[in-house]
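Got a structure for you, written out below as structure tokens; questions coming shortly.
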Amino acid sequence: MDMGFIGLGNMGSGMASNLLAAGHRVTAYNRSQDKVDALVEAGARPARTVADACGGEAVISMLANDAAVEAVTFGADGIIANLPKGAVHVSASTISVALAERLATAHTEAEQRFVAAPVFGRPEAAEAAKLFVVAAGDPAAIRDVSPLFDAIGQRTFAVSDDPTAASLIKLSGNFLIASVIESLGEAMALVGKAGVDKQQYLDILTSTLFGAPVYQTYGGLIARDEFEPAGFAATLGLKDVRLVLEAGDELRVPLPLASLLRDRFLTLLATGGEHLDWSAVGALSAWEAGGRSPVG
Amino acid sequence: MDMGFIGLGNMGSGMASNLLAAGHRVTAYNRSQDKVDALVEAGARPARTVADACGGEAVISMLANDAAVEAVTFGADGIIANLPKGAVHVSASTISVALAERLATAHTEAEQRFVAAPVFGRPEAAEAAKLFVVAAGDPAAIRDVSPLFDAIGQRTFAVSDDPTAASLIKLSGNFLIASVIESLGEAMALVGKAGVDKQQYLDILTSTLFGAPVYQTYGGLIARDEFEPAGFAATLGLKDVRLVLEAGDELRVPLPLASLLRDRFLTLLATGGEHLDWSAVGALSAWEAGGRSPVG
Amino acid sequence: MDMGFIGLGNMGSGMASNLLAAGHRVTAYNRSQDKVDALVEAGARPARTVADACGGEAVISMLANDAAVEAVTFGADGIIANLPKGAVHVSASTISVALAERLATAHTEAEQRFVAAPVFGRPEAAEAAKLFVVAAGDPAAIRDVSPLFDAIGQRTFAVSDDPTAASLIKLSGNFLIASVIESLGEAMALVGKAGVDKQQYLDILTSTLFGAPVYQTYGGLIARDEFEPAGFAATLGLKDVRLVLEAGDELRVPLPLASLLRDRFLTLLATGGEHLDWSAVGALSAWEAGGRSPVG
Amino acid sequence: MDMGFIGLGNMGSGMASNLLAAGHRVTAYNRSQDKVDALVEAGARPARTVADACGGEAVISMLANDAAVEAVTFGADGIIANLPKGAVHVSASTISVALAERLATAHTEAEQRFVAAPVFGRPEAAEAAKLFVVAAGDPAAIRDVSPLFDAIGQRTFAVSDDPTAASLIKLSGNFLIASVIESLGEAMALVGKAGVDKQQYLDILTSTLFGAPVYQTYGGLIARDEFEPAGFAATLGLKDVRLVLEAGDELRVPLPLASLLRDRFLTLLATGGEHLDWSAVGALSAWEAGGRSPVG
């Protein structure tokens, strides 16, 4: 498919590479040009502006937050002003429910199609084309871009005609991961202070009821106090918890565990952990229990 | 092995049956006699008193809480007064760290051996001999009773010479399960109120990062609002969270998520949910969000 | 002083009356005209538009939330477009730190002056001219409008040159009140379930260490389960807690008690308490302890 | 009145001095003898054992926790074994509801009388005879010892025939104080980080809705970061919050704010603040917001 790709960060560069590998013609845009150059060597065409990336049948945006998505979507040089009628904007970023709704409306008005398709997986999964895609929007549009999903992920879930549903599911998924981080952080602070070996403890957990990737990955990082380099930055963790809380506010759903996580992320950032992986939240219990700070 | 089994409840009856099936000679005791009769049909010898169950090389106790374990262990008719020197008391119950310590000391003074061996798994796993055994105590004693562990479980972890470690690990495991219940309860209250189908949502979770039994089992119960019959009663959930908090207090480890869970269990019990499965805690978020109470 | 007054709700009507009583010439605007008519009988001049109220040396706005303040301030018919150069806009509303900052900038650009002057006190205090005014902004501007503050309040605190400081202090004050509501709610749920008379309990508290108006007022409402009519609506309580949390997010200050309050307000609103006084949050503990809901 | 006084700590020494000053004949006991010597100079008779202090019409015990009260009450040398029939044991300590119940039963069995009379006030109030006494028990017994209450306090509240009620009220009062500490700690962390002067902020609060001793005293300590010497030690704060939570557990009342306080106290103690005043909990928010620890 002739397509554009906007946003070549930790996640996006792996996704774009896999699209190229699958035979799609990718025109790639990134704010800093060096990431584009790397992809051009793999066969991509470079885009100097967002508009340059909007000439094909579809464009995927994969950016860090609402503001970045808004910046490339609206305005004279944005996706909406430059994408052909009938073409599809696939938003793979983790964005707020409110923005998902706004994007859907704006693309419909411009006679374009919009699919919200946030992905589950860390950068290694993006590189290995092992992401999970949660897609929502017009069923025909989802079908048309499904070859792109096949190129980047191991499975696609079409969940709803309403793009906001995909946003909410993705955000709630990140909330669930952060909940695992917090619960493991507390449990390891407890058994660790009693002298139990954290790695052996994790082996028991993952051999029994907790044999899911999320426990293996994050449990390992917490057991080893290994929070750099950041696969998913603490600032992004806070952003997603904030968006979950905003969705809860809008829908009037109290979320005490999300509230706890919010305070944890603020503590981590306020005490110097901005550069750490979000799993560093799992080291705050041990710190409060008299151990050392994840910031060191 | 010639052994006794004390406590034929939800978990214990399955365990004792599997010990019989594996060829061990089991003398079984239970406070209410009808449970004993059922097991006698499967080949067990009935014990009228705790002392009757203490004549062999080992005795396993599997009871609901500290008080029940204390009642069968101490006093003239208790395990300590009646178990032969050198024989092993295997405590499979989930008990407090403090009681584990007290039992270890008392058995040593009586020249008996003590192994703390709490198990992971629900009644179905007990029946299917699929439990996980976390054993701590004298390594020779653990080795001597390992045929019993093989008969009831799929795997045994020998974690420490110190019996309290097994207690703490088991308690923290139940804390982690309760954390999953709470986090799923909040997430499902949120996406459910937005119109997402809870069962489909759970399918996405368990297909991606959350593919562990704990998500499948408890997520299913919450998605279906199915809290009866209680596989593990809410009162026992509160008991275990309370013991985790007590261990945290003793070791000076703040545990905000465990504190949240304590309040959740108290709410569930105070509003009439005493008879429900502990996963009913996962329905409290939806109730607070304006939905119906798990009590109905 | 020749002045305008915008917003004749629960608080504003009392304030405007007191300004009239003190001899100021008040041109009053309100979205619904009947409130204006009542004030005209007391001597005010009616304004048909916001612009009509902006002809004097100062204009006070007293509105329910950020959106309402934005609506009367910006745009062709707004305060900024119509207030004379050098005149002062006094914002007495409880608004976000972000909006305080935006207003300050906009008025400076328009060569007008801006004073943030939120007030402490319930409608009865507004009527009795017993408010406390927390003013921040250009010292000369504060001095110029101090006769207005004298007419509506018992004391004015000039806290900073920076208008956002007044906003933050006001919001944090409401957070402290809500904290008292929550703590009294929990304490009364506890002693009440033990059979202690709530009113006698409150008498002990206010005779000893807790002899402040905030305990008397809110403790009485909670002890009597008296949440209607709403002196300060639950929706406004949620708004202010939300703004405190946003300020904490911006400044990176974790606020676990504010997080708890947020969830309490969401629960109250989600279960039908939108019309109640914010003190109804203090009845949620008793509800969760098995008592009846404040909604009835 | 001819009476004994047991426990000459921070609080007890002031109380005993005031009993002497009011003309009562006080036989004083303390575990470490030097405190007794100081009081003997003021006119007290020294007791070498608890039994020595039990010869009069009444004995007051004022000790740090349940264990200390149990140690002087039960056993051959304890109050119960040595107090004359009909004499009154006044327990002024802050003790658990469970112990209050146990003491009431034991004294009744010994044909003695028991009054639970915990006091509100810090050591300065004890010294100045300005305590508030919350008394519960047999009305005749309360009447008989009321001259003692008059000597140590400014007012006595007779709340119930049931001694446990006084215990619960006292514990809940300490919970409310700790709640004020936490809420002020969060508010000051927030406004302080925004550059507002903490002392001026406190002045505004106490001039308006928060003009109670509890805000003045604890607000001042937090604003000045002045946590030594400890008027009421952090360890005692944790003890009382723990007792409140236990009472809540027994009565099935969820107490999320008390749960938060428990975690705060554990954090304070785990990070080295055992020697600090309990108001140091109010410095933890600023610490988590990137400021310095109250431990320094």
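A, B, C and D label the chains in the order they appear, each numbered from 1.
Here is the rule we go by: a contact is a pair of C-beta atoms (placed from the backbone, for glycine too) under 8 Å apart; a residue touches a chain by one contact, two chains touch by 3 or more.
These numbers come from a predicted model, not from an experiment.
By number of C-beta pairs in contact, A-C leads over the other of A-C and A-D.
Ranking all chains by how far their C-alpha centres lie from the centre of chain B, first place goes to C.
Computed from the mean C-alpha positions, the centre of chain A lies at a distance of 52 Å from the centre of chain D. If you average the CA atoms of chain A and of chain B, the two centres end up 37 Å from each other. Distance between chain A and chain C, defined via averaged C-alpha coordinates, is recorded as 39 Å. Across the assembly, chain D contributes 248, 252-256, 260, 263, 266-267, 270, 288-290 as residues in contact with two or more other chains. Those residues of chain A whose C-beta lies close enough to touch chain B in the complex are 97, 120-121, 132, 134, 155, 157, 159-160, 162, 164-165, 168-169, 172-173, 175-177, 179-180, 182-184, 186-187, 189-191, 193-196, 200-201, 203-205, 207-215, 244, 247-248, 251-258, 260, 285, 288-290.
Residues 242, 245, 248-249, 252-256, 259-260, 262-264, 266-267, 269-270 of chain A touch chain C in their complex.
For chain B in complex with chain C, the touching residues are 256, 263, 266-267, 270-272, 288-290.
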